[in-house]
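Mind looking over this structure? Questions follow.
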């Protein structure tokens, strides 16, 4: 039930742009991965939360799959905003508004676009992160999904700046995301439900950081095929 | 996992259908989005009260819809805050032009979803105010937590503000009253066993036979610490003393005491706990002038209990005594 | 065994002390022998109603003392019928000269001890009549059993006869009414888990994770048979169909339905069961016109539920609706 | 926790009468035995009843011990009636009125007596049994305390008639009592709480028959010392 480790960065040369079609594939893969890891995510949440994170995200992404055909020929902004609003209106809990906001804000930065350059991807991701931070009044180091997302974005930016291709850069970024996810284990939670546990939150991997990693992996998988 | 359910997926729907069938004289249940609405809503010239939260805490909140209490309740999935669409739909159903008050237990999920809904209401030109309930002394309200959880006080606040709204108090007055209740109420809980979230299928945590969890919330989360199993008197002290110290409650205070079961605790044990609480308060010169003993704010099939104390004044007492007619709380009618 | 108690020896005393402290406005508790008596007893010109039985079924019977229901309750030790001295003391406390009606659940211990008490009352020239409650269709009333057990119907009978007595019905009328209720009410129960008798310290029986007990009573006894765990709908059928067939209830009947938890069953599950019961009755053309959903007649910390159906007529319905003011059942006041 | 098997009948010649003093000793021994076997009796009751038989009898006999000094110099009838009324007013349940009635009725047959002949003992025991049968509307073969008591009385009568001394006769009677107790194992219960179980009552020893055997054993022990 443990999600696979990110692949080594042995990616062939591929296109430098992400298409709307790929975004649809990404969302589908993300939904599939969440469903597969549903119980694992819920078990993680049982340890330091209320045993529903996998259930919550699976409910949301299953609803997204139903909505997806409606926007199959739309621009990336529309697709992402549809994902966002669907997540907001079907998940509830903490993760619903947070992931929902992330997709909504990302979508707003790419309204009308059918392809994204690596730079546009970074902007979208940064908007997503800012959305989570603003809604959640949270920052890195508080044992949340941000601890997986933030290092992923940092690495993506750095490796793109150093001249890496998008697939390579994304691969390195997902590795950073995984490291970030694992970094939540020794952390003391200061946001979300796990913060009620105080010291007892230490030693457990954050479920939201884990689902964030699954999403990152789904994006990498998409570009990789 | 053994439960009287059909499937985890149908649990909430089935329970709401049962509630609707049993209490059609008081409330109406709507599905997709799921809402429980007072039959006579919107009540003209009345501030409307809406509460919501994950299901699994029954009778909270759905059992408290009715005259003298809530206008609507929005049940989310089990232990999952409701989605904004639900809350907004409830808002449209119950607002009568006098404004809507959201009564929100302070959890990240609840605050975020109610926030979203309030934004939607604002766009629809419905006046909304929000009150956060955060009475759990087990959690320190510091930079290092999501703030204190809303637990037992929720029910008392819903009842008292409900009575005020019923009597015609305006939105600002209701909000102020809620703030006063928040300022004067404190809770703490403990668990003998975890609960089993139906979709999860197994207990959220495992407790050895000789230990209990102290400082739990109402979602089956583990508490702040584990303690060796002890007598009712000793456990009552571990719940009551932090509550008393926190406000602090003082000699001469008159209080409303809620001894609440977590869902699987039989009444006989709750009366034992009430008896212990009463003696502890006696020793502090604090008098219980109103009380409630029962399973009111539960965590599915968790065994355990919580104490809530609310400092009363004549106004609060009068509002508490005012008629209420809901499935789970009823007097004066 | 984890319970919120001090010691098994003190459990009943502590719980009664808690009850007394919480509901001093309604009732008075006396110890040695243990009695719970309505504050205004003896009520002039009123037939007095006394019920009793082992403790562990709370709120039954002690929670049903008050205006419109019982004049006194005699709680025995856990699951042990009260002793005659208790019942006789209660009799002397509540009789006002209009006679006393004993409402007795049909168990060997209960019938024998009430019989003894009735003999004592006779010697003291107090007129006493006894009504046996035996509504459990899981047990055949034959030469091969101690007769049907009294279970869920007890509460309905106490309420309805209580209302009649309050309205001035004489002893014979009350007794007749009770007989009518007995003739028209039936119950059946099931358990997901056993309970733990405090002095015994371990569950009375062990159930595998995939089985439930069908046809249980309210004392943690095993049921008539074990069955494979099933959906709420299937379990509801196994409870409802024998009840319907037994009386039988028929198309066109109007009934009062009690969906009762055994002590550790959360309300959310009871509403699921109510929803199933309602659909089954619908299918038989039977209409629920009154209902009660909650943990009312419990077996300590047993998880499970029971169904009770009582065929209503306008008189019974009016008496059911009449005001009642007890710790556990309250409306109209 | 299993009660000892009745001793073989190797009893020395002793007096042919039972004294009031011995009745007091008997009651004390009975109370002690019930207390020692409290949990065993309760376990038996858990299997086919409601797990309180040992608790019930222990409560009753503990109360008897407190009352006993009051009647230390009284006649046997008074002692037995005091035991009976104390059991009735402290046990409750089915066993309270049944054992209480048994002691009361036995006591009525020996009012004013300070010694009992074997024949008087038989009369007292028969009155006790009739009391149980009348109150309980029960008879042998229904898987109750009667199934231990009835064969004990039968044997006592027969062996006395055949010329045995009281101690020998009582020894044989207790053996019959034990056999009677065990005979309840294969029985289908048709009285008391176990009758609700129908066929499922078969295969379990009746708790009341077991406590009856403990009382018989206590009487034997008394005469034996």
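Lettered A, B, C and D in written order, each chain numbered from 1.
Criterion: a residue touches a chain if its C-beta (ideal position, glycine included) is under 8 Å from a C-beta of that chain, and two chains touch if they have at least 3 such contacts.
All values reported here derive from a predicted model rather than from experimental measurement.
Mean C-alpha positions place chain A and chain B at a centre distance of 33 Å.
Centroids of chain A and chain C (each the mean of its C-alpha atoms) stand 55 Å apart. Measuring from the averaged C-alpha position of chain A to that of chain D gives a distance of 76 Å. In terms of inter-chain touching, the protein chains here are arranged end to end in an open line.
Chains touching one another form the pairs A-B, B-C, C-D. Chain contact summary for the complex, chain D toward chain C: residues 39, 42-43, 46-52, 55-56, 59, 88-98, 135-136, 188, 190-193, 195-198, 200. Within the complex formed with chain A, the chain B residues making contact are 54, 76-85, 107-109, 112-113, 115-116, 138-139, 143-146, 149, 197, 199-200, 204-205, 217, 219-222, 224-225. Chain B meets chain C in the complex at residues 2-7, 11, 14-19, 21-22, 55-56, 58-59, 63, 192-193, 209-210, 212, 229, 231-233, 235, 263-276, 278, 288, 291, 293, 295, 298, 300-301, 303-305, 328, 330-333.
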